[in-house]
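Note that chain A is present in both complexes that follow, paired respectively with chain B and with chain C.
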Partner chain A sequence: MNDREALLQKVQAFSFAEKEWNLYLDTHPTDRDGLMMHKRMADKAKELTAEFESKYGPLNTMNATNPNCFDWINSPWPWD
Partner chain B sequence: MPYANETKALEMPLVGYAYVPIQQAESRNLFDPEYGLKQGTIFPILNKPLGVYGHQYKGDVIFEDGGM
Partner chain C sequence: MWSYLKKLEYPVNIKNTNPKLASYVVAQYGGPNGEMAASLRYLSQRYSMPDDVTRAILTDIGTEELAHMEIVGTIVRQLARNATDEEIANSSFGQYFMNHGRGVYPANSTGVPFDAMALAVTADPIADLTEDLAAEQKARVVYDNILKVSDDPDVNDVIKFLREREIVHFQRFGEALDQIQNKPIKKCYCGGFDK
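On to the complex of A and B.
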């Protein structure tokens, strides 16, 4: 697994963890620990996503903001 | 009842209604995100893979390492 894949896996893991806390908060909306953990996972996922995108290109078209080239088409597809 | 700490019985269940016990608040013993992604959850209490689901109710010991 190269660096790109390793970082992508971290992005996926923390995005998943954010969704887990999201589901938990659906039924425990005022749980202090849950709120704190959700924020921590969300912040980490955003941080890792920004790092990934700065190195390897956009993860979604919203973040394909290169004014000179739509580099969304240059980064490898998931199956590449 | 095995895993008694997992759930809190409903006081007044209505006949004809299905119930799913609410997950007890916990943020201590969690899977780390990467292991959780593989398992499908970060909450050990919800970690019921195939071959485990259903057996726990009969009190079978599933996880040797003391997991739920």
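On to the complex of A and C.
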């Protein structure tokens, strides 16, 4: 596994954890521990996503801000 | 609306070519118990849900199912993309190949195209959520069946993740159904106004 894949895997892990707490909170919207864990996972996912995008390019078009080239189109795509 | 993220929800790195297994796994792309049916079912049923819990859970699980469709499509593509013509002709992928090549098409494992008859929208939240519970179990069974016939560790690792998600979704749908059946309808949980 190269550095890019290793960092992407961390992004995937914390983004998944955010999603899992999201579903839990949908049916337990006032659970304090759940709210705290969701925030913790969301903060870490945002931080890792920003680090990944600064090194390897945008994961979302909102962050495709390179003034010279629209690097959003660059491979690898998820199925590559 | 939706915003696309250029990553899979769970990593997929299939090293071994296996067109036969691709022809099985495609069942969870376009088959009646697959991820396309799941996402369309939940994202269509949500409009007529009665409260914030049911609207939220159908939107969020429906969204996760779109990500699962992308994972299953990636498995099919990675299993088939490097297969030789001969390997394809000698496998159950051969008939699919005639129309779809090494591409990803929403069909079941026998080649029948996706059909919205696989899902229902009744606008009755009890009926719809009960269907959703069954749908999660049927999808789990297909993943069990894939695990019975596949010995590829790269594929099985991802299939086990998807199988676990069916169980978590079943749990969440059960909680959503329980709260509309057994509690007074409470439209707002977070300090807004009941409409």
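Please note the rule applied: the second predicted complex is superposed on the first by the 77 of 80 C-alpha atoms of A that agree within 3 Å, B and C clash if a C-alpha of one lies under 4 Å from a C-alpha of the other, contacts with A are read in each partner's own complex, and residues count from 1 in each chain.
In this section, contacts are C-beta pairs under 8 Å (C-beta built on N, C-alpha and C of every residue); 3 or more make two chains touch, one makes a residue touch a chain.
None of these values were measured; they are calculated from a predicted model.
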Chain B versus chain C as contact partner of A:79, first or second or both or neither: second
Chain B versus chain C as contact partner of A:41, first or second or both or neither: first
Partner contacting more residues of chain A (chain B vs chain C): C
Touching partner for A:67 - first (chain B), second (chain C), both, neither: neither
Partner chain in contact with A:9 - chain B first, chain C second, else both or neither: both
Touched partner set for A:17, first chain B, second chain C, both or neither: first
First, second, both or neither for A:58, with chain B first and chain C second: second
Which of chain B and chain C A:26 touches, first, second, both or neither: second
Shared chain A contacts, counted only where both chain B and chain C touch the same residue: 9, 12, 16, 20, 24, 27-28
Chain C residues within the chain A interface of the complex: 3-12, 52-53, 56-57, 60-61, 64, 70, 73-74, 77-78, 168-169, 172, 175-176, 179, 189-190
Chain C-facing residues of chain A, complex: 5, 8-9, 11-12, 15-16, 19-20, 22-24, 26-30, 58-62, 72, 77-79
Chain B to chain A touching residues, read off their complex: 22-23, 25, 27, 32-34, 36-37, 41-43
Interface residues, chain A side, partner chain B - complex: 9-10, 12-14, 16-17, 20-21, 24, 27-28, 31, 33-34, 36-37, 41
